[in-house]
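Letters A, B and C name the chains as they come in the text, with residue numbers starting at 1 for each one.
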Amino acid sequence: MSSTTGSLPTTAPILFEDYLALGIYVGIALFLVAILLLLSWGLGHRTRSRIKNEPYESGVYPTDNARLKGPVPFYLVAIFFILFDIEVIFVASWAVAYDRLGWAGFGQVSFFTLVLLVGLLHLWKTGALDWGPSAARQNRKNQDIP
Amino acid sequence: MIGVYHYMTVAAILFAMGTYGVLTRRNAIVIFMCIELMLNSVNLTFIALSRHLHSMDGQIFVFFVMTVAAAEAAVGLALMITFFRNRESIDVDQINMLKW
Amino acid sequence: MEILFFYLVAFVTLVSGLLVIRCQSPVNSALALVNTFFCLAVFYVMLHAPFMAAIQIMVYAGAIMVLILFVIMLLNLGTESRQRYTRGVVWSSIASLLMLIVATVTIKTGQVTGAEGEITAHTVKSVGHTELIGRTMFTEFLLPFEIASILLLVAIVGAVVLAKKEV
């Protein structure tokens, strides 16, 4: 069963027509971005002076570093986005072939989804999805009582 | 004609680059990105070989590699945040204690 | 024509890979890594695996890179560290060079063997790549699939335990 030729035996080469729509889409997107950038560069009014380049023109002088640290809850949301994104690709591969997989496939994908639902419930219960100062104050109040 | 060896050579070079980055860089996030580079070169090998052998198995493996990479990203970056809170830096040369 | 395109994409891939390991700022490394991911997605399309290309962009270039960039912004990592490299640059280059030589020699002289399936490019075209993936995943790879859900659950819990504290 070994094949030593080293070339991929692709009897059907990549057809240009298959990806034509994608190519047109990418082309239009690039064109749109380029035209917007060029228009704003060409038509815009430019002034360069020290006062114009200040972050807040005729406002207060900025004192600290311009980059602020973001709060951690945003980061948690990004993490959950990744994990549920992975769930989406698994479920999508099931959903395309669902008629061939039948009820067995449905049961299997339900188990998968249920396990991740347990994760979501855990997030909800531990307050990882809570947001803002009100949630923090609520937690502190709960800790003060006992 | 593009052979499977072409793809595997590209993957090998990418993997060696990733190794070099992991061994030399000090910033933990850059090291993490180099690990992602190595994982991706392995993915390329998997898909090229599964195409070569007319089989689907290699591509399923890529699915699981991606799952593990996502889990690793979530936990690893959370570890980096925790480390940064304690040390105000994510230089790997400073990660020299198990506990403090 | 196709081989020219391959060499072009391979060149861009390797140059962006080099940028990932050489850039001063982590943000630049991350953007070079996104470029590498896109080039690999192009390779997957050339290998008749369009669904793989789609999830490569969705998961890697979409989700994981967002998280990495997010952490760079969150920790406010600039180019402040003057020492980019650890001490063992020489030994590391020798090690990775040796690894490269071993891998390329093995690839050049080795033969690809293995159990061949019967999924040709024609099958992929007529049935559809996503459906083939789904069928294989839910028949032969059922147990790893269910274990993957447990892995994701553990990752969720671990990330919350590590990151959720008062800042």
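For this structure, a couple of remarks:
Rule of thumb we're sticking to: a residue touches a chain if its C-beta (ideal position, glycine included) is under 8 Å from a C-beta of that chain, and two chains touch if they have at least 3 such contacts.
Because the structure is predicted, anything quoted here is derived from the model rather than measured.
When chain centres are taken as C-alpha averages, the shortest distance to the whole-protein C-alpha average belongs to C.
Compared with subunit B, the chain whose C-alpha mean position is the greatest distance off is A.
If you average the CA atoms of subunit A and of subunit B, the two centres end up 19 Å from each other.
Subunit B and subunit C have centres, each the mean of its CA atoms, that are 7 Å apart. Spacing of subunit A relative to subunit C, judged by their CA centroids, is 16 angstrom. Contact with two or more other chains is made by residues 1-2, 4-5, 48, 51-52, 54, 63, 66-67, 70-71, 73-74, 77-78, 81 of subunit B.
The residues of subunit A that reach two or more other chains are 3, 6, 8-10, 72, 75, 79, 82-83, 85-86, 89-90, 93, listed in rising order. Residues of subunit C in contact with at least two other chains: 2, 46-48, 55, 59, 63-64, 67, 71, 74-75, 112, 114-116, 120, 133, 137, 148, 152, 155-156, 159, 163, 165, 167. For subunit C in complex with subunit B, the touching residues are 2-3, 6, 10, 13-14, 17-18, 20-21, 26, 29-30, 33, 36-37, 40, 43-44, 46-49, 52, 55-56, 59-60, 63-64, 67-68, 71-72, 74-75, 77, 81, 83-86, 88-89, 91-93, 95-97, 99-100, 103-104, 107-108, 112, 114-120, 132-133, 136-137, 140-141, 144, 148, 151-152, 154-156, 158-159, 162-163, 165, 167. Across the complex, subunit B meets subunit A through its residues 1-5, 48, 51-52, 54, 63, 66-67, 70-71, 73-74, 77-78, 81.
Touching subunit C in their complex are the following residues of subunit A: 1-4, 6, 8-14, 19, 65, 67-72, 74-76, 78-83, 85-90, 92-98, 100-101, 104-105, 108-109, 111-112, 115-116, 118-120, 122-123, 126-128, 136. The touching residues of subunit A, counted against subunit B in their complex, run 3, 5-10, 72, 75, 79, 82-83, 85-86, 89-90, 93. Subunit C meets subunit A in the complex at residues 2, 45-48, 51, 55, 58-59, 62-64, 66-67, 70-71, 73-76, 78, 111-116, 120-122, 125, 128, 130-131, 133-135, 137-138, 142, 145-146, 148-150, 152-153, 155-157, 159-160, 163-167.
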